[in-house]
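Structures follow.
Both of the next two complexes hold chain A, though its partner changes from chain B to chain C.
Up next is the complex of A and B:
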């Protein structure tokens, strides 16, 4: 093997994404070997469908960590904006483009995100506390003030949810599955986020602020504006996820949203996003989400009871995090031993 | 045109009720390396912040290039060509060298999008100015401290800096790195850049600076060419105290051997054999990475030796952990007191007493607070910690006084062997003098003391015998009669 590829392999091998990828590979091969049902067209499409909403949430969690710290409010922002958009359609009897429904939800989400952003940026409060607080408030508004219950979605929304991108049927088992249009939305959002983070100064600012706040300020980044922006955008993203989730299930289910934040955050951390800020990739978000989706979706194929899934998810998170911690320690150890060699030489 | 790059006159600054700057003057000539010295809290940092526009002065005036500047703001000061290299270097550890170098300039030009080619061009231009050789695509967190500083310097030069203010730039650097930095400073000087060098390290001031200004308690006490300054004058102006030449405790009677190592090896050093006698102060010196830090860790049970023996009072001992080390009468005052030694937010009292809690508590393990108060008060008095109240957190003390608290804690446990790693790093002259005296006093009382230090003057002034370490081995032993700064420099 020539030196260059060996070197680039080494570089790759220290990335947490690489390990998540290996785990995904091993896990899927294991499930395939045991059940023969993993690499089937309907299972793959099923996985992609289940990933759609968590993938969008993952961007929220990712942006939060990169710039500031945890954002746990996205599921409830998704729920409340999804509800408001649904109500808008029901009350006005609007039956036009689904885009308008999304826009209504996004507007609501942006407002809620802006509340988070305002408190966090202006008063410099920890984002975890603030978003926990607003989560509770949004939940209170949804279930208490609006008394939201289970709602069958209006026709126009259901129609959008039933349009499919790909439809497959497994020739052997006869099981069918379809990939909804919402998957395209998730892909689009990843592309937009990628372009924003890598090719705009504001996007680099998100990393700079997360890396060192004081340095960012001295360099000329507007730290408060960037933080406010991130949490506001998170609100908008969450709203999109909320509508996607509803149209996929054809019902608005107000109590189904809460609790998603933990597994999404776990996926993002697993994918190598650093809790302390400034470090992490979108690839990592996708891989982390994929891994946890496989665990929740496909372990059932090898007969693992549903209760054990949580156990396995927990174990994966701990092992996954441990790997990156060991890596950092090794990296330091590696440097020390290198220095020692120089001394002796 | 004025011959002064910057001139501040009669600057006053209040923080609440504290009069931090009492009408200070500072004239820096174009193209000179000007040193600003003074003990902690003398107003050095405040005047820097006034010059850079971070603090608004409560009186006085600032002239840049002979032109009065009414309202100095951070952006105005950058426009005037004033750049500060902060102690923390203001870098982004999570980003590449390229981005660290290019951000300021790109942001200043109000560009909204990232142009990678332009980023790289800016970065290359920046490192070329000081012939800085670095992997531009590396993440800054993977680089050594010295490189982070060079990033900060080259970034400052990009903005056409005319005056670079360096706030204690050598604190975290090894000797070699300091030398390299001085070369860069000289190069900048040749190119006509003016430098304000903030430091309280005597040797550095004499080596690199043309002019020196000393602040004390918010007033400037002297400003003169370095050639008119000497060590004694420097210490006097810094502290306002005259230091007598130390003779007391210099000649001590050495007792029997208290600590001995035989062919001791561990990660970082190998085959180290030496003895330490009661009442002796043994210096261990060597570059960073010479293995001296590891040696002290091994003696304190923080690093497991691979081979060899440690003997305490001729008894072979095994030191698996610090608790055992303390039982055997070994104490270690670590190099980085802030992260390894002190509980900064806790009170001075608690910090002093922590190693002795067992003795200060009753059978049930409940601490007797009266005993604790007495103990703490005694040490604060004996060792001269400058504080009004020992209930204050340690973080409120100056570096020198924090070090005294740490010393008090270990001395309180009355060890047989006291190991100090860089005992006066970041400590001002007055406190340094006090600490050295204290160590001599302890040695006279029969304690065996090991001082690990880079500071040649410190070693010469306090030690009876010095071991020089290089590449993990003892390469020389210098006896007291041969001990002076010059011979030591030859060995290191």
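Up next is the complex of A and C:
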């Protein structure tokens, strides 16, 4: 009995999610001890609020990594489809259900994602270079062709953004905070992605293609179709994030989107998603995003100057990737040494 | 599938294949370059064909041209270096702060000494940054893309911390002169430095033992290991080279605009990759020439200057054009390579 628990603990301790969880725990306790402001209801709600959009982006980055490689185009797809959806409402004067606005954005996002997917799947180019290129194209379309500027959102969209799920006020400091409905969307997307990845053949195919392309092909998966599908879906997901981000800030801010990709990629890698594909969990994505959000949001509470942020994020990416790469190497080394022992015996 | 079936046929002469491929690419580049040049000269003769325009083109292309060579070397080794722009900024900031502190107050030979020391310090920064990249990629086995994605943030972060987020300016006069001097009236000093660096690197990568090993490593890491090559050393040296070239780009930009900033030129990241790919460097490693990058840099600069002559085209359009160009060039290279491969297969199977 004792042995069993020790074994399962060992299994748990190998997983990167476990370390991230420990780090989150220590960091939050440290911030709490230093400032006394971490475990307050408004700070927790604030954290959840600022996590919403990065959480959706994290699914994009995650799907990209486990199937093919890095996808860096999602912030600009979010921006461009968010802009098109906003324009749709402005031009048609549509004031009905917000779902239609989301559907318009998703349609635009799917088209943009399909462009990525087509190029990557057909020519087998490195996904980073292709998505860097399309990012540049989308940004050119948004800022050059449409000359998008700061737009105040139409009433119907603002209304949706202001509906809140939970509203809290800190009794001591008097600071209030509310959790928007968009948080539910993020949770819904996680549940859908989880079900898709674990309970459908196509979902298993996403892992298989990332793990070993040749084996996946021999097992009967259509590698090109799966890659195309993943990047197309990524476009749709990014579009949802784009609308969520806009309704949260009540303005469409075209220049605020770019740059998010680095933090999201860092979060996903920290959460244990393997860079070479095939391995990673959604739990890891959530924990990684939580850690990065705490770093960007709450370090101010303990008096770390804002200009340290970039440095800390860079350091986290490097340390996180180094740990996961070394772990993989050790695992392999462990297996090899075990086999040798058997041979000797 | 058809080609895969014929792999047991006698292999094609490798050297001939690579020779044809390289030359084709450089010829293509030359044609594109001349076409743009001729179109620009015919449609905008007075503004395009002026000494002032050539001088400004030289000044602009030097910086990202050098960074593109850094990216290209990393790509030949089978990786990528996304951190070049921020290595350049960090080196410029280190050199700038040093000169500000020591070289401004003094004059004469002492000042020159401190300026030279500042330049060396800047180059050293580049080497150290490159060494760290190489260490992460070769020793820790982090994929180059992610390692340099991280160090890109890290170096920018260090630069922001060192400067407190502000601009470094007010450099000693003799240093700023480098950015202003023209030779024979039509060459800027920085352009001459650029040409010298290109020549040295082209020789080093194209003609030395090290270069040969680098290409082998980029083509097939396992084969190069079994050929007795110390892969780690080659990789680390490639990233150090990329770092020091990036640092020289940073120093030239420091001399030109007389200031340095942590997030200067962040749009160059895309542009450097575009130039390297346009120059015929294979992103999978093992193929491409420094001369190709040089020609691609000139092509991009001609295009960019030509677009500048139409004030109604906003700068944002240029981003879009670079993005489209990058993907088109990738596709065209891919299709042409496939074609020449298929041709060779046919030839050998007869």
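What we mean here is this: the second predicted complex is superposed on the first by the 325 of 345 C-alpha atoms of A that agree within 3 Å, B and C clash if a C-alpha of one lies under 4 Å from a C-alpha of the other, contacts with A are read in each partner's own complex, and residues count from 1 in each chain.
Everything that follows uses one rule, which is that a residue touches a chain if its C-beta (ideal position, glycine included) is under 8 Å from a C-beta of that chain, and two chains touch if they have at least 3 such contacts.
Since this is a predicted model, take the numbers as computed values, not measurements.
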Checklist entry - After the chain A overlay, clash or fit between chain B and chain C? => result clash
Checklist entry - Looking at the overlay, what does A:134 touch: chain B (first), chain C (second), both, or neither? => result second
Item to check | Touched partner set for A:144, first chain B, second chain C, both or neither | outcome: second
Checklist entry - Which holds for A:51: it touches chain B only (first), chain C only (second), both, or neither? => result neither
Checklist entry - So, does A:278 touch the first partner chain B, the second partner chain C, both, or neither? => result first
Next on the checklist: On the A-aligned overlay, A:212 touches which partner chain: chain B = first, chain C = second, or both, or neither?
Outcome noted: first
Checklist entry - Who does A:220 touch here: chain B (first), chain C (second), both, or neither? => result first
Item to check | Greater residue coverage of chain A in the superposed arrangement, chain B or chain C | outcome: C
Checklist entry - Looking at the overlay, does A:200 come into contact with chain B only (first), chain C only (second), both, or neither? => result first
Checklist entry - So which bit of chain C gets in the way of chain B here: 185-193, 221-229 or 239-247? => result 221-229
Item to check | Touching both chain B and chain C, residues of chain A | outcome: none
Checklist entry - Touching chain B in the complex: which residues of chain A? => result 198-204, 207-208, 210-212, 214-216, 218-221, 274, 277-279, 331, 339-340, 343-344
Checklist outcome for this item: Touching chain C in the complex, chain A uses residues 69-70, 119, 123, 125-126, 128-130, 132-145, 147, 262, 265-266, 269, 275-276, 307-315, 317-318, 321-322, 325-326, 329
Next on the checklist: For a test of understanding, state which residues of chain C touch chain A in their complex under the given definition.
Outcome noted: 80, 136, 140-143, 145-147, 149-158, 160-161, 164-165, 269-270, 273-274, 277, 283-284, 314-324, 326-327, 330-331, 334
Checklist outcome for this item: Residue positions on chain B within touch of chain A in the complex are 86, 88, 90-95, 99, 103-104, 106-108, 111-114, 142, 267-268, 289-290, 471-472
